[in-house]
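Order of writing sets the chain letters: A, B, C and D. Residues in each chain are counted from 1.
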Amino acid sequence: MLSFENDYCCGAHPAILERLAAANATQFPGYGSDEVCESAKARIREACGAPDADVWFLVGGTQTNQTVIDAVTPAYAGVVAADTGHVNVHEAGAIEATGHKVLTLPHHDGKIDPAELDRYCATFYADGNYEHMVFPGTVYVSHPTEYGTLYTLDELTALREVCDRYGMPLFLDGARLGYGLTAPGTDVTLRDIARLTDVFYIGGTKVGALFGEAVVFTHGNAPRHFLTLIKRHGALLAKGWLLGLQFDTLFDGGLYLDIARHANDAAARIRDVLRERGYTLTMDTPTNQIFITMDNDVAARLQEHVRLGFMEKADDTHTVMRICTSWSTTDEQVDELIALL
Amino acid sequence: MLSFENDYCCGAHPAILERLAAANATQFPGYGSDEVCESAKARIREACGAPDADVWFLVGGTQTNQTVIDAVTPAYAGVVAADTGHVNVHEAGAIEATGHKVLTLPHHDGKIDPAELDRYCATFYADGNYEHMVFPGTVYVSHPTEYGTLYTLDELTALREVCDRYGMPLFLDGARLGYGLTAPGTDVTLRDIARLTDVFYIGGTKVGALFGEAVVFTHGNAPRHFLTLIKRHGALLAKGWLLGLQFDTLFDGGLYLDIARHANDAAARIRDVLRERGYTLTMDTPTNQIFITMDNDVAARLQEHVRLGFMEKADDTHTVMRICTSWSTTDEQVDELIALL
Amino acid sequence: MLSFENDYCCGAHPAILERLAAANATQFPGYGSDEVCESAKARIREACGAPDADVWFLVGGTQTNQTVIDAVTPAYAGVVAADTGHVNVHEAGAIEATGHKVLTLPHHDGKIDPAELDRYCATFYADGNYEHMVFPGTVYVSHPTEYGTLYTLDELTALREVCDRYGMPLFLDGARLGYGLTAPGTDVTLRDIARLTDVFYIGGTKVGALFGEAVVFTHGNAPRHFLTLIKRHGALLAKGWLLGLQFDTLFDGGLYLDIARHANDAAARIRDVLRERGYTLTMDTPTNQIFITMDNDVAARLQEHVRLGFMEKADDTHTVMRICTSWSTTDEQVDELIALL
Amino acid sequence: MLSFENDYCCGAHPAILERLAAANATQFPGYGSDEVCESAKARIREACGAPDADVWFLVGGTQTNQTVIDAVTPAYAGVVAADTGHVNVHEAGAIEATGHKVLTLPHHDGKIDPAELDRYCATFYADGNYEHMVFPGTVYVSHPTEYGTLYTLDELTALREVCDRYGMPLFLDGARLGYGLTAPGTDVTLRDIARLTDVFYIGGTKVGALFGEAVVFTHGNAPRHFLTLIKRHGALLAKGWLLGLQFDTLFDGGLYLDIARHANDAAARIRDVLRERGYTLTMDTPTNQIFITMDNDVAARLQEHVRLGFMEKADDTHTVMRICTSWSTTDEQVDELIALL
């Protein structure tokens, strides 16, 4: 059955599989201490314009959020996130499992507001009992957000300023980073992110890899013995070169962005048709995810022919559904979907 | 300086100190395995009408919340609490330190609403992705709440029903339980609480003891090897008989309730004067805490002569202050405060 | 350079890569809820002769040990392991990170002794202070062990009896299970393991897969909401079908055992030559790992031409080195190594 | 029945109870932010000759070990202790509950050997795989040890040097510190300990207080927001002045040392008689604990008349028993015991 359910339903971009087949019999040292990983790291540092960055490869998104947040957040502090943030809602308590509270701010189309963050911190430190409370520590944002929306350069800059004011690291979850970097109208580049955050990651799983997330500590600021911390979280891959090989391929000649652009274009085509045909877009998103508020009937009928993502009930008669494109979305699949709409 | 800042500023009711002095040279076995503890447990079981209850003594409130919640909540679940709940706001992340998320419901005068809890659970299990989320586990309420308000018997019964529906233990934080049991107009007794909850505690620290909280697993349902779990939390007192001795005194002839009634009466006298003189009570509370929304000027002036509790800024020109009475509040202190108002 | 450093230096058995390439564009549901995973689970249940077994797929060994031990061990208990056990020495504290102590027994060629385990438990419960100590909970063994040695059927049966006596789950780490099952002289089958343990895993990473470990709860005894627990550990792979596909291939027609037998045979050839030429085998092992106690000079000279595993210093002039074979070891590589010895 | 079971069977030195009674109605600010705590801290700083020390008060020993070790040990590291150390054996896994492994060295009469610690660290860092292992972090010693023995000044100095060499904080558990400081023949003073360790604590529970341990960060090196960390462990006492009051009394005019000397003297009298009468002292200890290896029969007979501490079975016919004195041991009790021996 046709599926637009998510961006991780298929395997890897063919270029990755080819390279994997070619390297399959090579004897690599373990745990990422190989030349392919070194090459991938060098390419990423260059793409980021961050020659001092420390780059590490992990397997999945929740694992990466858990490992990084635990490593950079003091024991007396929590992580500040949008109430809709992945770390707050969809990670089965992985952050709390490491002993840290998720402190929430109201989201605005999935984003947190720098002024509200500032006010939150000011109120916290003005409270005479603040030492009995969880300190605002790491600030977590995702770009694109859970709703496919994007921060502007002004917003990221303002968040950076608040983080500096209160001594908080800024951590950007880029599980779908490629789709954000190639979205029409965005003014945020990879270099901006490397300049404005303390740590972020470049998502592979949802952008054309089999799996893998590249964590970038932007200014040589990896936590001490980070390899040991990764291992302690059960997150160190024995055949680490598998991760290096995928990112080395994705960052060789712009493949990462090409993949993302392809998916964004497919989503744009679908979005145009939805608008023409009078569908209600739940929010205006420029990336590879489309959210539609549908009559329950319409949703049910459509899903006889195509798998869509279920987001939430809007009310008793309406549902928010998600259409998601990826590296593997073909023109034919898009045509087929459009015919169904 | 005169103080109505909190209900734990003074030592213990004199009856406790006398008994402590008398027992001081007795050689007790360690860690609560003594006869005084046994006697106190028997008295508490009787007061609760719960002959099968398991009773344990811990030192403080946060410690008790942390130890109990960690012991009764599965790893895949969190604890549901009011957003204003002590475990959510004022325990420095002690719950998350044990790996559990605090899941919040909006408070209504400090309380959670049974219907909202029911809806929360229904929505949770209706979500196709619920296995990726933190399950609602233990339900946490406090009685009196952070705001000195009380659940009705109907409300507690309704909470019990929702807990049964979704297989969740109901845990009642009774750090100030005495003040609730003796509040004018309440229809909730100690026996009701022992019947309707799975586990609760009888607060000593804030009700006339030097320290100590008596945890009651209401129907022989203490977690396996609970003593070991207490020790693992660093919460096992070597001279455990100190805890037994205090509760044995408090539950000998109704002293616990007498202490609470005394403090409630003092608060009622103050509350009447406040109403007469046109002060704005932030909310209507029947226990030993009074919350007043004051002009910042008035608050500042008062605090030159009496220590009050600061709760929060109401707006730019108003502050919520707390007046709190205890076992040690004297008629003279009340008169003095009234003269200042 | 030639390498006999470990059994995870190369990619996957070609049959796996071929199948991956064929399935790459298929749209699978996420997180292991796909048909390939179902097929792999069915094959594993059948191979185990355990129709009621719950099978789950994780990515790596440390992750699997951490997730399983945390899930099956009560908070008041630890995991009992050989002092040389992987969980005790080489997992960067991943077990303790979940709050559990590793309780150690002396190893005998990497194994624990059932009689010593029995005595340990008897002594524990005979101690009047045992409630102040960490209870022996889960019993952890690996098969093959860190030293490539194997339990006999009698030993496993005896361990099972001790576990039953003290109510402890028996967990077998099978990161290299294939090599054990196909070792000459072993009397332990996969069905024995499924019958005698509560939970074990079938290692993929070190036995011909790119990555992946198949956890088998042998009698329908998976912990409640185990998927959520996996996610909470950051261990849930988005493209879970990648794991299912690899195990479905490995358990289709006996490939898993063929791979292991191939590596064992290569190791046997090398071992024979070592013996002929007077090398000192550190211990007698029948699987794919060979441990040699070498003059430091000899070790240094060899390593100019071939990468070996360093195990430990034996004394000031001798070193224990490891030779390790795998699915990818060729006859030519073995010849080349033999020429160097 | 007569008891020499432990040093925490009775209440507090009468001077403490008197002062408590006198202060009982005073209104103190909460959580240790009061003047009595300040006074006690000043006295302790002066006794330590450490004007920059940060002093904190906690309730019990396991709690203190847990809170301090968790605060000063990095996530990638464990705490090194004697295999007989309290943190390794008798704290129900409280250290591991915070995510840290206890790394053990063999004990020598309860002590660790500086040269062995050095070798342990050297071997650790010489291992090519050390990043996959738990780093030696905090070094934990107790003084007196579990067996009542004492470090010499040379030994403590040597431990300090090893700690400096490998960047490890040195933490001294002084649950029975008084008995060590006043032992005949010791060359270690409180000032030495304050100079040579990074953090240590002065035990109150076992040296004449109702409860309480005074943690001394010897050179202004308390972890950031340590009050919040204490609260997060559920270890912050509401009526913190109770702790300050006890230590202020103990450190007013040398009472702390007087109490300890009294108990040591009583133990010395008993020890002399034991030697005269041919009992086998398990080891030679100069403090308030006496360990005797007894015929099981003798042990059983004695215990009909006096409660002793059970330590361990020596062999099938012998048991190690403990005689323990304290502030409350009277001459009459000693005479009575001697009559029984």
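The criterion applied here is as follows: contacts are C-beta pairs under 8 Å (C-beta built on N, C-alpha and C of every residue); 3 or more make two chains touch, one makes a residue touch a chain.
A quick map from chain label to UniProt name: A, B, C, D = Aminotransferase class I/II-fold pyridoxal phosphate-dependent enzyme.
Note that this is a predicted model, so its numbers are computed, not measured.
K.L.:
Out of B-D and B-C, which chain pair has the most contact pairs?
P.N.:
B-D
K.L.:
Among all chains, whose Cα centre is located farthest from the one for chain B?
P.N.:
If we average the C-alpha coordinates per chain, C ends up farthest from chain B.
K.L.:
Using Cα averages as centroids, what's the distance between chain C and chain D in whole Å?
P.N.:
Once rounded, the distance between the two centres reads 42 Å.
K.L.:
At what distance in angstrom does the C-alpha mean of chain C lie from that of chain B?
P.N.:
Comparing mean C-alpha positions, chain C is 49 Å from chain B.
K.L.:
For chain B versus chain D, what separation do you get between their C-alpha means, in angstrom?
P.N.:
About 33 Å, centre to centre.
K.L.:
Any chance you could list the residues of chain B touching two or more other chains?
P.N.:
Within chain B, the residues that touch at least two other chains are 76, 91-93, 97, 99, 131-133, 228-229, 231-232, 236.
K.L.:
Residues of chain C touching chain A in their complex?
P.N.:
3, 5-6, 8-12, 14, 17, 20-21, 23-30, 59-67, 91-94, 97, 205-206, 210-211, 228-229, 231-239, 242, 307, 328
K.L.:
Could you pull out which chain C residues touch chain B in their complex?
P.N.:
31, 70-71, 74-76, 99, 131-133, 135, 224-225, 227-229, 231-232, 236
K.L.:
In their complex, what parts of chain C are in touch with chain D?
P.N.:
Touch list, chain C to chain D: 76, 78, 89-93, 96-102, 126-129, 131-134, 310, 312-313.
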